[in-house]
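Going by the order they are written in, the chains are A, B, C and D; count residues from 1 in each one.
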Amino acid sequence: MNTNVKSAIQIRLNCMEGQVRGVQRKVERNEYCDDIFIQLEAIHSALSAVGKLLLSMHFKSCLLSRIQQGDETIVDQMLETMKPLIKR
Amino acid sequence: MNTNVKSAIQIRLNCMEGQVRGVQRKVERNEYCDDIFIQLEAIHSALSAVGKLLLSMHFKSCLLSRIQQGDETIVDQMLETMKPLIKR
Amino acid sequence: MNTNVKSAIQIRLNCMEGQVRGVQRKVERNEYCDDIFIQLEAIHSALSAVGKLLLSMHFKSCLLSRIQQGDETIVDQMLETMKPLIKR
Amino acid sequence: MNTNVKSAIQIRLNCMEGQVRGVQRKVERNEYCDDIFIQLEAIHSALSAVGKLLLSMHFKSCLLSRIQQGDETIVDQMLETMKPLIKR
């Protein structure tokens, strides 16, 4: 993995762990649902950001080099790999 | 565009037009919200299916040939293109 | 149905039908995928807006009156009804 | 908060914290993107499940009692509260 992107992803994941603990505290203390829903939405957004960073890294390493080596089957594999990220 | 995939996309879009008209009729007749919500969800799924078919076609034509011609900038363009499809 | 909200919903649905036809034309003419993906995303947003309007109307008519009549079972029914709208 | 639902939510959140740490480990070890994307998707689903449990609890406590006390303004507040959960 590219080290810059990798550390960007790790920073986001550490932040996400903190967000999940924040929700745990809010639930523990019976805080307002409004705040908890907004926090859950923030975690959805963070997941999306991590997904996009990983996808970008995966494209630039794996996809590019495999196509340059003449392997076209990677395109179908990549489409399969991406499926969990696509909005339904 | 690959003609097989293109006609698969067109069939789905015609179906989606019918689904939207189905919702219009249900609203017109004040039908149960439950049924309307399920129908709206079906349109979300149909949009996702069209998005995946288009993405697959775009990868196999544009992305593949541009990389094979030595143009690596297409990778960033493709990531930008795909953004509206990514789950948030 | 409240007639104001009903006509707001109908206007949005007519607009959505136009958006679906717009995508059909773009696919027919082999237009840029970027534009088509943005249009698909706009239809997702329109679906969400229709869902919220319907939900609001449903809450203000059905949910409110049923609870005021002493029927608490409507709460579970409503949660079931809303499920297709919840982000996954 | 209802204690049964509260502990169901807490169990899910603890599990989610473990899932986030699982992704951190996979990224640290440069594991396959496919596995990481599936894990991100699992966290999206867990978030959705927590949101639905909280919503259910909020409806059965806050919404119900406020309407029974004659406060109809809670309906609009509830719709606002739920917005971050609605699919876009």
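The rule is short, and it goes like this: a contact is a pair of C-beta atoms (placed from the backbone, for glycine too) under 8 Å apart; a residue touches a chain by one contact, two chains touch by 3 or more.
Nothing here was measured: the structure is a model prediction, and the numbers come from that model.
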*A-B or A-D: which has the larger count of contacting C-beta pairs?*
A-D
*If you list every residue number at the subunit C and subunit D contact, are more than half found on both copies (same) or fewer than half (different)?*
same
*Averaged over CA atoms, how far is the centre of subunit A from the centre of subunit D? Could you give it in whole Å?*
18
_subunit A and subunit B: spacing of chain centres that average the CA atoms, whole Å_ = 22
*At least two other chains touched by the same residue of subunit B: list those residues.*
44, 51, 55, 82, 85, 87-88
_Please classify the inter-chain touch graph. Allowed labels: line, ring, star, complete, other._
complete
_Complex contacts: residues of subunit B adjacent to subunit C_ = 1, 6, 9-10, 13-14, 16-17, 20-21, 23-24, 27-28, 30, 33-34, 36-38, 40-41, 43-44, 47, 50-51, 54-55, 57-58, 62, 80-82, 84-85
_For the subunit A and subunit B complex, residues of the former touching the latter_ = 44-45, 48, 51-52, 55-56, 59-60, 63-64, 67-68, 72, 75, 78-79, 82-83, 85-88
_Residues on subunit D engaged by subunit B in the complex (per definition of touch)_ = 44, 87-88
